[in-house]
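Look for subunit A in each of the two complexes below; its partner is subunit B in the first and subunit C in the second.
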Partner chain A sequence: MRTRPGDMGPSGERSDRVDFILNLAPHLLNGLSLGFLFALIALGFMLIIGVMELINLAHGSLFALGAYVAMVVIAPTASWGGALGAWYLTQPIAFRYVLALVVAPAIIASVGMLLEVCLRRTYGKDPLYGLLFTFGAAMVIEELIRIVWGSAEKFLQVPQAINGAFLVGGLIYSKYRFFAAASALLLILLVWLFLERTPYGAMIKAGAHDSEMVRALGINLKRLRLFVFGFGTSLAAMAGIIIAPIWGLRPHVGVDAVIPAFLIIVLGGVGSFWGAVIAGVLVGLAVALTAVYVSEWSLLSMYLLLIAVVTFRARGLFGKKSILEV
Partner chain B sequence: MTPNRTTGEGLVTRPMLVLFALLLSLPLWIERVGLYQYLGIEIVTWMIYALGFNLLLGYTGLPSFGHGAYFGVGAYAFGLVQLRLVESLWLGLVAGVVAAMVAGLLVAGLISHRRGIYYALMTIACGQVFWFVSVKWHSVTGGEDGLLNIARPTLSLAGFSVSLRANLALYYVAVAVLALTVVGLWRLVHSRFGKALQAIKQNEMRAGFVGYNVWLYKCLVFTLSAGIAGLAGSLFAMAQKSAYPDVMSLHSAGLIVMMTLIGGGFVSFWGPVVGTAVFFLARDLLGAFTETWLLWYGLMFMGIVLFKPEGIVGAWQDLVRRRRAGRGGSAGFLSRFWS
Partner chain C sequence: MAARHISRRSFLNTVGLGAAGAGVAFYGPWKHNHVYAAKADKSLLIGFTTDASGQYGNSGEMERRGMLMAISEFNKKGGVLGRQVETIHIDTETTPATGTRVAERMITRHEVAFLMGAVSSGVANAISLVAQRYGVVYFNTNSSSPTESGKDCHRVKFVWDGNGTNFGKATVLNAINAVGKNWVLFTNDYVWGHETSKSVRALVTQHGGKIVEEMIIPVGTRDFSSYLLKLQQIKPDVVNTAVGGDDIKALRAQVGQLGMGKTPAWVQNQQDWPDVYGLPLSGVFGIFGTTWYYKLDLPGVKEFVAQYQKMYPGVSIKVPGNVYYNGYMATRELLRAVERVGSTNNIKVIKELENLKVSAKDRMQHFDAYMNPATHQMQQTVYLATANDEAAWKKDNDDLFKVLAWSKPQDVEDTDAPKACKMESYEATPSYEM
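What follows is the complex of A and B.
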């Protein structure tokens, strides 16, 4: 994002401080939108940790896989399906994009549920096994992507309506970035409403609080876990589809996603919804603001932020005691 | 799940002799079985790395998912000494170990009060910091390309000197380092220090109540393990004649976790050694047939985590135990082999 050179105003009349803030404003906005995207990445990861006490290191790979699947849904190879495929390709891209937003998360959710079924063997054992299993899964999925789609960078098409740039008060802003940040915010709010206002949300929260008690109350814990895993991984896919046009698509993009995800969870505190959102925004701001001064090193700021916060607050900003510490 | 401690006596044990004999004779037969000399250096280097890593994972129960960082720091330190200071094997090795230990100590000081999964996540974050710095700090690390043309220095010991340019010479140096590492670690894990580590693994809080300074032990063992990784990293820099950020990535740090676990690091001192050999043989043998070998290796890892977290050595121990039970309980050579 850049400011238009003509709009800086007569510099002599403004105090330096106002200038400084005005110059910083686009970066703050940038950081905020990046923060929402980070929070979106962390959302599904957080749900799974909250309910299952499991770190899903495959989160990033599922994020990438979701974006790759969406890419295929939006622009399948023309020869697929003969006449039907040709007809499909004549449909407006907006339609195919929306279809991808539904189909890809559904496919990823089923992959996630498959992982959960395998993971059942590790319940009740050291949580390390779940971590190791999902780590292996992450590697397998990444290799799978490499085999199917190759290592070269791919691009996810987006509808014309959200492509290009627009002007806000003299600032040039990418439409897609705005769309991505807005949909991230929307998804965050929807998930929050789901957790707070529906009986299923209540079950999930109760499951995160005390899974034994939930079972004692007659709720099918097995099904709840399967559902949460599917839901969490479909959110990963959703995040992947939304973010891929900005980051680009490479097989190892999953690592770029899973690291902010767990960083944000540790920073915000395990088990805190708004903690994760706030941590996401903080990380976004830290990355965007350091990028102003030392663009090469901006990603380092999120690690340093984590280390600084965790040194003083062992459970993150809003964390409660959780099983993961034992 | 704690590695067996029954046969801790003796400086050199039977499995050690078997391993050393196998490794010393390796150059005689490796090419006849269709492999190549350089593979030996790689395997031995990673065995050292894995043994040091298992001190954390298997003996202390501390999962470090960012261990590639210390391997990398060792490699860079070795390379920088050769390129900027002086071509010296000993100085390079010392620099590699010391640099990795300093890096490890910094991280350990920060994370040793954490437990379980939090600990694992912090090791990933810290490991990523080192990786990131190695990629971005062009003036020192050479960026993405890394340090190139690192010389293989001359080994000079007690008035006797030999060039390490040939892979064979470097291989024997690596085997010597491995031998020292094996003997040293074997003593260590059977010392009071090693017992304390195993107590921490079983129950950190209880170990604290018994009177161990858990934080200090965790700090020390992490630093030591990082130092061993740095030693292996130095050998790696010599073998590759270069040092680059790739070994510090999460992917590479994950491979060492996989090797250690698949071999059986949770139940045996020898797990990492077996796991490393299996990994490199799988890479070269499976890799000859299919480009996708890493996929199969990953699937195997997932299967082992679910069905046999004790790994290959664990499966072997079960087999021996079953056979012994069938034979009426006389403890044979086989049962005492993997201790």
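What follows is the complex of A and C.
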């Protein structure tokens, strides 16, 4: 007969509570790792909304485009560059992967900046114009991906060192998943450091708080917005490169990114950095844990979480309080 | 609702003929011939209700290609009944509501003679409700829920793919005997997933097995880590997956990454070619059912593959699979049926198709196929396959499958479907002729 929770019974049986915790622990860890990935997806989206008050519906398509560009950087299929091309293909995948992590976001940042230039005519007008423009851009980018790479599933190669699985406590885990979660966490911290510790980060935060004041202080708002848009879209690309080996790579994979990104921003509070991160983690935990115990609700769980939070706190977890709020 | 025996089109034709006949008395016989000439000149329009986006966008594209190949063969020989076949396609977006709208539009606005195409059973069911209302013959080319030829059967609908019960019968007993009795079901959360899992559950129980857990996988799931962790905690003998489209691709990739392809044993009820093409071999694990494979050593297969590659040289899927094959076969048999009856009258075509028999050689399968008149489902050979040997795959990266066995249609027939299927009568089905 068991006397206290955690005590082993006379025949060495664990209590139900300990069993429950031991069974739950891997799922909590899994949910946390998923949460960091969601937070990474939402980060670029959050920056653009925060500074420019613009919902960039092309975020998902840029997420996908970043992954496709990285795929080409890692393993170009067309013959190019003559001797240089041949040399490049002999380089280790790890080298090409790291190069892709730098080059692909830079290319997508340029695409993002071009989008921002086209968006300028919508500033100061009905926000619907900007929304519709980015929605149209999302469609165009997705179709371009389909035209260039086709609609069949593609794969992003990753270095062997982070591929495969490992065993902990009798359970198999994916090495790449932990790498992805760690990378997401690192990126989140780097972005935070950039925003908190650099002058440009201060300008971005100021622009998010009061763009008119920033302009009045002589800061070039046009250039700031251009930079923020490029930065935000490059983060979308980074998220795409990191997550594509888990989710797969197909032209419409961006839809799987933009909807959770939008939800996380609203849940965390529009414009709040830590709101986006914490909301991402909460969404990851909700999705992972419901998948285990009430699997048919797993995708719905993030929406239920959103409803539960905004019902009682309309501004989200860390959103700014409105003067209308008592 | 009273049967509508005279369509607007046939009424106008009759009036036109009457007017032409009256005109003959004043203007000579050439006016009468002109009416017939006009009808023979008019092309036969077929509506493609295939997905171009969403969960089954890839498969939708493949089945459309198969349909187009069949049509091009007929058009090269002069068309059907002397009429060229044209097509119109609207994306059904793997969404039932869109399928309904598309079917309605194609019938009422474009006045298609026939409707073809579906991979999602939810979409197929939605389309068939509209088709039955207007009497338009509809070919469900690739959806596999047992309900399509069961409780959701219709007089106008014909089902061309094997269903969850057919594939289950081919796979379940073998897996229980070879591997073990404790099963977990992965069920995609829509009609095909649920009905397939229900049928597998019945078969497992019937053969002495036990379903220890059923995990419902919402459509659109990309991250399977929680499910795979739980699977490891449960430690079943067999996992049966009724998961399709983009979801199964993600699942296979993640199982491959974890190296879980061998333990537990995986049974994918049915594996569509576009959902697995391009995966590394580690992603093609377990055993699964299919209705055709491009490397079957049967007459006509090599030529069929060559024709596909000639017609579609630049596509990313270099060899055709079951989805393309079903689209092609369904279209070919429809057009042949129209030719045999010498008319596009829907009731005549339906009656002709209900008695359809196609030889194994003509089907490029191992056994003769036949239409079950009670359910309107094509009974055909079902193949069991698994991942190919690595050596063979390295020689040809497209050669992903090793076919293990094939079952006669009679051995895997869904014997419950005729009891569940309550088809509308011919009289209750509106009649038309295009």
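In this text, the second predicted complex is superposed on the first by the 299 of 326 C-alpha atoms of A that agree within 3 Å, B and C clash if a C-alpha of one lies under 4 Å from a C-alpha of the other, contacts with A are read in each partner's own complex, and residues count from 1 in each chain.
As a convention for this text, contacts are C-beta pairs under 8 Å (C-beta built on N, C-alpha and C of every residue); 3 or more make two chains touch, one makes a residue touch a chain.
If you're wondering where the values come from, they're calculated on a predicted model, not measured in any experiment.
Colleague: Looking at the combined model built on subunit A, do subunit B and subunit C fit side by side or clash?
Modeller: Subunit B/subunit C on subunit A - steric clash.
Colleague: Once the structures are superposed on A, label A:V292 by its partner contacts, choosing first (subunit B), second (subunit C), both or neither.
Modeller: After superposing on A, A:V292 lies in contact with subunit C but is clear of subunit B.
Colleague: Please indicate which partner A:L300 is in contact with in the superposed arrangement: first for subunit B, second for subunit C, both, or neither.
Modeller: In the superposed model, A:L300 contacts both subunit B and subunit C.
Colleague: Output check: A:G85 vs subunit B and subunit C. Expected answer is one of first, second, both, neither. What do you get?
Modeller: Once the two structures are laid over each other on A, A:G85 reaches no partner at all.
Colleague: Classify the contacts of A:L34 with the two partner chains as first (subunit B alone), second (subunit C alone), both, or neither.
Modeller: A:L34 contacts subunit C only, not subunit B.
Colleague: Is A:H252 in contact with subunit B, with subunit C, with both, or with neither (first, second, both, neither)?
Modeller: both
Colleague: Once the shared chain is lined up, is A:L144 touching subunit B (first), subunit C (second), both, or neither of them?
Modeller: first
Colleague: Touching A:F133 in the superposition: subunit B (first), subunit C (second), both, neither?
Modeller: After superposing on A, A:F133 lies in contact with subunit B but is clear of subunit C.
Colleague: Among 241-249, 259-267 or 277-285, which stretch of subunit B shows C-alpha clashes with subunit C in the combined arrangement?
Modeller: 241-249
Colleague: Which subunit A residues lie in the overlap of the subunit B contact set and the subunit C contact set?
Modeller: Touching subunit B in the first complex and subunit C in the second, residues 252, 296, 299-300 of subunit A appear in both lists.
Colleague: Would you mind writing out the residues of subunit A in touch with subunit B in their complex?
Modeller: Touching subunit B: residues 55, 118, 121-122, 127-129, 131-133, 135-137, 139-140, 143-144, 147, 252, 255, 259, 262-263, 266, 296-297, 299-300, 303-304, 306-307, 310-311, 314, 324-326 of subunit A.
Colleague: Please name which positions on subunit A make contact with subunit C in the complex.
Modeller: 23, 26-27, 30-31, 33-34, 149-155, 163-165, 170-174, 176-177, 245-248, 250, 252, 256, 287-289, 291-292, 295-296, 298-300
Colleague: Report the residues of subunit B in contact with subunit A in the complex, numbered from low to high.
Modeller: 63, 65, 110, 113-118, 120-122, 124-126, 128-129, 132-133, 136, 249-251, 254, 257-258, 261, 291-292, 294-295, 298-299, 301-302, 305-307, 309
Colleague: Flag every residue of subunit C that touches subunit A in the complex, lowest number first.
Modeller: Listed in rising order, the residues are 53-54, 57-58, 61, 189, 215-218, 220-223, 225-227, 229-230, 232-233, 246, 249-250, 253-254, 257-260, 274, 277-280, 315-317.
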